[in-house]
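Before anything else, here's the structure in question.
Labels run A, B, C and D following the written order; every chain starts at residue 1.
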């Protein structure tokens, strides 16, 4: 056993840290925050191209595709640092679609997309959810009909978060309309400026934007089919296994801000740091963050050993997402009345960060698979309990 | 024991439900959150016509003298509609403070105007610490000739931006070791020189304000109760306001449960309504339990107050329990409704915001548990 | 609304209190504790006969059956007092079977049993659970075959708590062996000393006794069939609706002991009552006990209005049972090391009550319908959510 | 980072699993809970032959010098079997105290005997308050001629009834305002005049004892470390013992999860295994999460200690987290297993008992969270 990073790992991560410190500007951090940390903003794109030039966007990829052939451990460490430092850290192409392309797509697609992805030049938008396909992905109904040279696509997607800033749609569509539902899905890469695509904003309670994407007789060239037709569900599931990680550096940072606040604040003449209730609350958060860290890196350790996390990824996701909600609520309890003030209020505590995150964390236990779905996975895959 | 509302209360409840669903739909609620004033004068007038401002006001001052339990019935519906504005500051905070401390002349001059909807009143208690403690009151009031001169900064003052009168807590004496001594309450005209109000932006968009007082002159006769004895008044006001706030929360909680259950019945996944999944059923069952216990706790406390019985322990229990329960109830509702509920356009978010500000108002759960501990003799 | 008891109610309850104070002895309390508060011990029987002579065992029953025609409110108050004061308070005949007999049984059975029950002269043992019928009562397999004059009963019951001290078995048996399961059960009253019955002890982790009851060709006279044949499941369900109450005076008393302890105890030179963490914990328990009280009496209020609590009874049961576990755990946290000592240890805190209850409360969220079953009921009956 | 045991550790784990399943089934565990001594000398000898007593003991004192991580591997299996007895008091508490504080002569005289299984040792720290605080140490030790004379009552001393040597914390100086000053540790022969041991009955039936000292004379050379500086030793012992106790808990937790999942797969209700119900699945998923996080936290703390790195924060985090998690895990297990698990004959109850005593030993969750707060600079 060993619970520290190697010197080599520390060296790389300190370079990353150094780079971010030097290259990230307040404007970039502001843009990133306003985009809810997704990739695609103007400053974000500029920054990430420089960042990715070091191979840090997809460090675990082979060198031929712009990676560094680095360990998953380092990949996770870099991701943690990215989330911690407030630069864009939610990537669809680099961190969701890429591995699937590498494993299943045609050489033509690989050649066209993988290097631009790892260099941070292009971004995808996730195109999974539909009005009737949420937790139950197999409920998806968007149709792609084989018309010889192309597929004709019609239907509606929803909660496609990156669509308004991305270049391509990483689209799951139904290509077979009878037979078992899981044998009729296919994956496509679609230009988001294709004629017939309409993108409509959906605004969240954290003021962030996600989108509805409408397909009205959109022609998608055959060569943009990923892998085999009707194998899409398999790719999706495999991708989830490989890709599911939930870095939480931003929550670590939020906690640090809370800790500073507790150390500095005096209420009614008493430092609140002396209050046993607050001490317990802060210590509990610190403890859970430590547990989350150990879960997080356990995934990369497994991957580096050639094992595929499945229930473990569900566990880490659930644990971190629950923790984010506890952190937001506990922080609010500690901040008291000042906590309810928004960032542009003169008396806001910690620049309104908790007010903002209190709204944001609502979605954590929902997106990317609800807690309920994750717990089903843990029980069934992790413990072998039978399906109903 | 009797768990039912009486006929008048049921009528009040029904008419309030109808009123708010007609006058204040969720689009209106969203508008008010962004609106500078945060309330509609037209609706205010209609509410006054229904005699709601005067529910706590004795008949001799033009009120209907119904009592806190009736007020709770109304506030329950206000919370159900997620309705905000200067009603609670005026008709609960303002009225209660005056009833507990003011002399007949003061009451005569203000209460009838409140009852008729002609004056908006609020109470400026907390300051930078945001704490409802005696140590939290540090604004100073000094005697100068026939006046008191008040200076200090009051924070989180509800609807001070709309108020005609701000009842202000300030320290007239700092010499005592006991911080509860030396606090006095003053009726301050909001138009007074040296008084400045700024709205603070909150998660709900309700109008909590910063009230800066810079040598504000107040005539001596505007002192409420005895000089230096304001804390005795504030303690009572705190608990009554906490129960009133609990009433808003149970109303909101009822609405959230309804939204959630409706959604769970209609939303299909995996070929069946999600409400048929055990995990969802258990979330909803927990929500129901939080709600019904919260209702009982709130009504009991309000009833005790209305009857003039001892209410301190039960009022603090109610605010502690309801604050925690409403928070958990809303979180479960969001979890059931999922992604759709994360969108601005679905109404549950209004209640998420309401639950947070209500949790903090007039003492949060930890604060009131500490009061419960004191009531238990600890 | 009204949240106090009437003067008349207070008067009755103070008579009850007075009586218990006068008549209960340390020996009775010890026996009751050792029998886990069930009725059937020697001293308990003596005491209860005197107690029941006042009509207090079944105060809500009509006078012709030995009751007082009192309100459910008073009945609940008396039950609360019984649990609070440590006298036997778990009755099968008086509080489970009685109402069903009154409503459905033949005149012959009513005449034979109702007065002796309300006078505390006889006791039943609940005969529902079987090895394969726990939460799923319809899984029960014990067979009663119609043999003309009598039923021939064969099979096994389990967790039949009163069987070793009771006089009769309140037995659910299968009388129809094909068709829908819920249309094949019948209820019987069986002499527990009938030939062919064997009772074997099962010892719990709280040192209490429950029983397995084996039926080997037991002949049960036809007249001991309750109501109609094959209507047993209906009776069972109705009985649950009417009878489900969960008094918790014993937990109120346990809390009072904890509160006294907190007021009196000094640790490391500081009164623990000053510790903000302990203050919060105690206040939270007091608050939940208050909520439980309001739930408890809401049931009797409904009954007095002629309404039948169903999801409300599930809510009260779940709430109180969860609370009992929180109380035991929180008490243990407050008592620290002394809490783990058993009652016969010199240094035991609060006479080892928490050590005992810590073991006992395990069963609270299980018996009489698990929390999971209760929550299903709340969701389906209380909120109209559909069955899977 | 590396989450795997090394080959030796895996072998140790396997052989321990086999050993306990052969030597100490759950019937034996029940017997020991009732047994006066609570351990079997025959098994003790076998354990000694496996060199387990000496895991923490340097080679120069006849130990195998493996370190706390290896000890944790073994204790994990001990916890899995719910095995109790004087092993932890001797091989962890006793050995760690001596290694932290004793001089070479003391070590030479005791450690080899421990390593060979010839001496049972324990540490008498807490007293009536049951608190692992410096203020909790009030037994007095006074110098008289060439001896210290100790008087006082030590409580919750594990396996003092079996011990040959009791290392005893007593106050040699009460004059300092800082209660951490003036505590000293003494090696006390259990046969000493004036020393009396009585076993306290606990929920688990492990052997916590009352040790009364009535003018017990101890030669000066039996002082461990410097006079008055015992607290520095105890602080380290506390955290290491807390991690050792966490190791027992994760072993127990693993066993409870296995029992629970097995039961959920086999038990049918409503025509299907109860493990197919979502409520049961989610209980089990929560148990799994509690378990795996507890394992990681424990191993990390043990590894830090073994490596000589700073471990204070992580050790307290581990004990706090594992204590809470194990409690919740067992509660969920009981809920899944239902009525059957409430019966004495089903083994889960052994772990319910273990979880409670382990939660309390060497500081409970609240206690260690307070230490974490201190480590965070609060």
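The rule is short, and it goes like this: contacts are C-beta pairs under 8 Å (C-beta built on N, C-alpha and C of every residue); 3 or more make two chains touch, one makes a residue touch a chain.
Note that the coordinates shown come from a computational prediction; the quantities given were computed from them, not determined experimentally.
S.K.: Let me check something: if the centre of a chain is the mean of its CA atoms, which chain is farthest from subunit D?
M.R.: The most distant chain relative to subunit D turns out to be B.
S.K.: Where does the B-C interface recur among A-D, A-B or C-D, taking recurrence as more than half of the contact pairs being identical by residue number?
M.R.: Repeated interface of B-C: A-D.
S.K.: What's the distance between the Cα centroids of subunit A and subunit D, rounded to whole Å?
M.R.: It comes to 42 Å between the two C-alpha centres.
S.K.: Quick one: report the Å distance separating subunit A from subunit C, using the average Cα coordinate of each chain.
M.R.: 52
S.K.: For subunit D, which residues are shared contacts with two or more other chains?
M.R.: Within subunit D, residues 277-280, 282, 366 contact more than one other chain.
S.K.: Considering subunit A alone, which of its residues make contact with at least two other chains?
M.R.: Correct list: 276-277, 280, 372, 375, 388.
S.K.: Quick one: in the complex, what on subunit B touches subunit C?
M.R.: Subunit B reaches subunit C through residues 1-6, 9, 69, 257, 261, 264-265, 272-273, 275-278, 280-282, 284-286, 288-289, 292-293, 296-297, 299-300, 303-304, 309, 314, 317, 320-321, 366, 369-370, 372-373, 376-378.
S.K.: Under the definition above, what is the set of subunit B residues touching subunit D in their complex?
M.R.: 277-279, 282
S.K.: Touching subunit B in the complex: which residues of subunit C?
M.R.: 1-5, 73, 259, 262-263, 273, 276, 279-280, 282-284, 286-288, 290-291, 294-295, 297-298, 301, 311-312, 315, 318-319, 372, 374-376, 378-380, 382-388
S.K.: Which residues, counting only subunit C, touch subunit D once they are in their complex?
M.R.: 129, 132, 134-136, 139, 159, 202-207, 267-269, 277, 325, 329, 332-333, 336-342, 344-347, 355, 358-359, 362-363, 365-367, 370-372, 375
S.K.: Which part of subunit B faces subunit A closely enough to touch in the complex?
M.R.: Interface residues on the subunit B side: 126, 128-131, 133, 135-136, 155-156, 198, 200-204, 208, 210, 268-271, 274, 277, 279-280, 327, 331, 334-335, 338-339, 341-345, 349, 352, 356-357, 360, 364, 366.
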